[in-house]
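Here chain A shows up in two complexes: once beside chain B, once beside chain C.
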Partner chain A sequence: MTLQQILFIVISLVVLGSAVLVVTTRNLFHAALFLVVSFFGVAGFYVLLDAGFFAAAQVLVYIGAISILFIFAVMLTRDVITAQRGNSQWQAAAIVAGVIFLIMALLLGPFSVTIRGREFGNANWPFAMDGNAIKAAPGNFVGILGTGLVDLNQYGVPFLLAAVLLLVAMVGAIWVARELRGREAERAAAETAVDDADMDANQPVQEPLPLIETETHEAHDSRNAAATEKH
Partner chain B sequence: MINGIPLYWYLIVSAALFCIGLYGVMARKNVIAVIMGVELMLNAVNINLIAFWRYITPTSISGITFAAFIFVVAAAEAAVGLALIISIYRNTRSVDPEKIDSMKL
Partner chain C sequence: MFGTQFNPSDLLAVAPEIGLTFWAFFILSLDFLKLPQLNRRVLGMLSAIGVLVVMVLATVLAPPADKGAVLLGGMIRHDLYAYVFDAVFIVAGALTCLLSIDFKPVRAGGEFFALVILATMGMCLMASANDIILLFLATETSSMALYLLAGFMRDTPRSAEAGMKYFIFGAVSSTIMLYGLSLVYGLSGQTGYEKIAAALTAPESPHMVGVFALLLVMIGFAFKTTAVPFHFWAPDVYDGAPTPVTGFISTASKAAGFAIMIRFLLYAFSPLAPTPATQVWVAMMQPVAILTMFLGNLLAITQTSVKRMLAYSSIAQAGYIMIGVTALAYAASRGEVNGAEPNAIAGVIFYIATYMFTNIGAFAIVGLVAQRAGGDNLKDFSGLARRSPYLALAMVAVLLSLTGAPPLVGFVGKLFLFRSAVDENLIGLVVVGVINVLISVFYYLGVVRAMYVERSPNESRPFPIPAVTGWVVLITSAAVLIITLVSTPFWDLALAAAKSLQTILN
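Let's look at the complex of A and B:
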């Protein structure tokens, strides 16, 4: 076994183990932390694949930004943080995911199973699945990638579209998550109340609908309290 | 740094990661956990793209360009999805995907 193979096995155990914990732990905050571990392992895969730029981007974008977003979201929805482990169909979900994995493994790997005299697996791909990479690693691939992304004859237009997508997503996220105030808040609360009366007619209402107004009031009060404490 | 690692190792690990994410999307009872599953699936796809680029077409940039776009889409998806969850939570005090059904026919 070469050092790379050992590294690969260690990294994949880390990635898959923490991914399993992400989808099974009860505490969502722990799930977010395991997600960070999993992202870090994926960055290790990128290093093994000679794609150092992507490893750096993985650490910056996923670990630096996306997991922080997740932790914020978990904290902001805190009173439901310890959810149940799975919903009513988790067994069916596990079976479906397992079957899909077996099919993919049979398609991709150099092994096969024989069911009723027919061989499944060991597909004949037009490229070497089990060989090592023969070609040398490209030297300056970040430079090639950069010029390709800004070159209008290559990927310039999709790159601009990606920039527009990011801008629209940012504006949309701010718009969706904004705090409603005044008349807007009253209208939204009224709409939610009507919706719930329509939809959950057969279900007992568990708790009175929190009006957004009162919520902002509370926030205001606590802010005032904090201010007075400071004084 | 890829001496001795066959391509299908990467593909099978990323298939496993994809299926774990799929299980999370289908089975979790909290929308934030569902989005975590989606992120795992996107990561699996990215491993696949970069592995194929490195092993089969290391001179072309198509594979890594796709991977870069998936980074962008994942960031946008996480931002909008989590904003939606916070907005829904503020209005209904729940993040259970089975209870968020006011758009259902």
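Let's look at the complex of A and C:
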């Protein structure tokens, strides 16, 4: 076993263990801290893969920005700091998740099972599992990445679209979170109020109409109306 | 510095999307002016007219080439297929903007209309996406805007619940789809559809992983198109969302789901080069179609709320469209070019386009009645024929069209779908489709019965119809009639669009 493999196993244990703790701990603050540990482990994977830029980006963006935001949010909403979990169907969910995990491990992993003479599993990944492919990438990796994102002949369109996506999310976040106060709230209430005079329920009840068709003036009127429509 | 020379005229391929984005920014920035004249009426009219102008400009400036062109780094396929879908989305977006003007429960400001336009923009990119990265981002952009629109009446618990449910289920299904797409990338090392197909058909490619990836991606498509078993979100979301938005989600968003599904499956998992994955998607279409039709129709019968009934009926309509997709799958997997395949695709496109008018019209009337009578239950429709004969007549037109009754466009659309299935010898599927049409007669006519037969104490009260909504009802119900009478040009357009999609396959 090489040093790299030992490091991989250690980091994997840290990532998976802290990820499990994120979803099992009842204290939201602890969950956020375990998330930071998990993110650090992923950064470790990038280092093992010789992807220094991604490791740095992982630390800066995920730990430096996103996790800190999580922790702020948790500390600002103190009354829900210990979450109550009441999912009554967790056993069924666990079984489904376990089965899907087994299928995926068999499909994607380096194992194989032989059923009725046919071999299943032991996926032969064309290149993705080959660490050398990444090492063979040209040296100016960050430069290529940056150019690829702004060049319209490469990934420029998706990159611009991501900006629009973030704008939509921002508009939505403001819409959902902003509280209306004072005159703004009054104006909003006036705008959304359905015209009360229009609604049937708010109109003064006139003489109740007979629900059974009889020779009343009302039925007479409606026949008249039908007649005028024909003309 | 750039690898290849960039030709600015390539940008014309995304002309509608650029125009829509600019128009959304413009509508959004009008809010800064704080002018009292810029009320919801003006904003809604501006938005609707603006998106239609964008469509006209795009038609003039950048008509799609005959064979279609792959542009902008392989991201965009600029063909008639995408163009026809763009037209459907943009008209649906414009009608939604107009309907929102008089739909009082929504506090429709610049944000609302900008989100409608941006959702439309995302759908347009979905229709022309030729790359899994753009496919995912476009889907997310339109979905994100739709989550917000569904929950736009945030102070109304039902709408807020609809938005939240839509968001959570949508986020989970997007994640699953993204996982499938990442496996596709892992298998092929490519993001463009044709390159993926080439890599996946290589004999050494691990085909079982390909099947698994395909199933994960299909979950995302099934969610967008409300195909069973990923329909469960639809009734609650359609029911709780503001009624104009419900019309938008149930037509445009569903159409976008079919647009990406057909293009992705035909290009990236092309049946012409069969692998286990292509066999799986060809085989799964028929059972999904049957289940979706039966579930939608049978559950629609039990509803008392007309809005919820239309939500289930919308699931059933997705099942009818799946008949066309099934025919397409069988035609494509035979690998012969005999005209059956463009017929199936054209049937799907024609049905989607006409269904857009029909369903938006139906939801427009439901929204009107709900505002006037205070609810959207069957009893709120009773006596409508006496209060507002023309509105009731329009409702009859759209409901009969949804059923598929002969003089209306739903009949023509279903005829095309069923015919393409018969061409593929899918007689059993057609029989199931006809049985479902008969089931649906029951609940659609229930509304007609309430409007014409049942009496209500409010019959003599006036039923004023706001002008803009009245126009939308008129346009949609007229379209239901007129497209039947002059269906040939529409069918020819759909057929040309289908052929533009097919050129790559020959």
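Just so it is clear, the second predicted complex is superposed on the first by the 148 of 231 C-alpha atoms of A that agree within 3 Å, B and C clash if a C-alpha of one lies under 4 Å from a C-alpha of the other, contacts with A are read in each partner's own complex, and residues count from 1 in each chain.
The rule we apply is simple: contacts are C-beta pairs under 8 Å (C-beta built on N, C-alpha and C of every residue); 3 or more make two chains touch, one makes a residue touch a chain.
This is a predicted model, so every value here is computed, not measured.
Set side by side, chain B and chain C differ in how many residues of chain A they touch, and the one touching more is B.
Of the two partner chains, chain B is the only one that A:47 touches; chain C does not reach it. In the superposed model, A:15 lies in contact with chain B only, and not with chain C. Judged by the touch definition given at the top, the superposed model places A:94 against chain B, while chain C stays out of reach. Look at A:72: by the touch rule set out above, it reaches chain B but stays clear of chain C. In the superposed pair of complexes, A:38 makes contact with chain B only, with no contact to chain C. Legend: residue contacts after superposition of the two complexes on their common chain; A:190 is shown touching neither chain B nor chain C. Residue contacts after overlaying the shared chain place A:108 against chain B and chain C alike.
Once chain A of one complex is fitted onto chain A of the other, the partner contacts of A:4 are limited to chain B, with no touch recorded for chain C.
In the superposition on chain A, chain A positions 104, 108, 127-128, 154-155, 158, 162, 165, 168-169, 172, 174, 176, 188, 192, 195, 199, 209 are in contact with chain B in one complex as well as with chain C in the other.
The part of chain C that touches chain A in the complex is made up of residues 1-4, 6, 10-11, 14, 21, 28, 40, 72-73, 75-76, 104-107, 111, 114-115, 118, 121-122, 125, 131, 133-134, 137-138, 140-141, 144-145, 147-148, 151-154, 183, 186-189, 199, 202, 204-206, 208-209, 212, 371-374, 386, 389, 455, 457-461, 464.
Taken in their complex, chain A has these residues touching chain C: 103-104, 107-108, 120-121, 123-128, 147, 151-158, 161-162, 164-165, 167-169, 171-172, 174-176, 188, 191-195, 198-201, 203, 205-206, 208-209, 211, 213, 218, 222, 225, 229. Looking at the complex, you find that chain B touches chain A at residues 1-13, 15-24, 26-30, 32-33, 35-37, 39-40, 43, 46-47, 50-51, 53-56, 58-59, 61, 64-65, 67-69, 71-80, 82-87, 89-98, 101-102, 104. Those residues of chain A whose C-beta lies close enough to touch chain B in the complex are 1-2, 4-5, 8, 12, 15-16, 19-20, 22-23, 28, 31-32, 35, 38-39, 42, 45-51, 54, 57-58, 61-62, 65-66, 69-70, 72-74, 76-77, 80, 83-87, 89-90, 92-94, 96-98, 100-101, 104-105, 108-110, 127-133, 135-138, 141, 144-145, 148-149, 154-155, 158, 162, 165-166, 168-170, 172-174, 176-177, 179, 188-189, 192, 195-196, 199, 207, 209-210, 212, 215.
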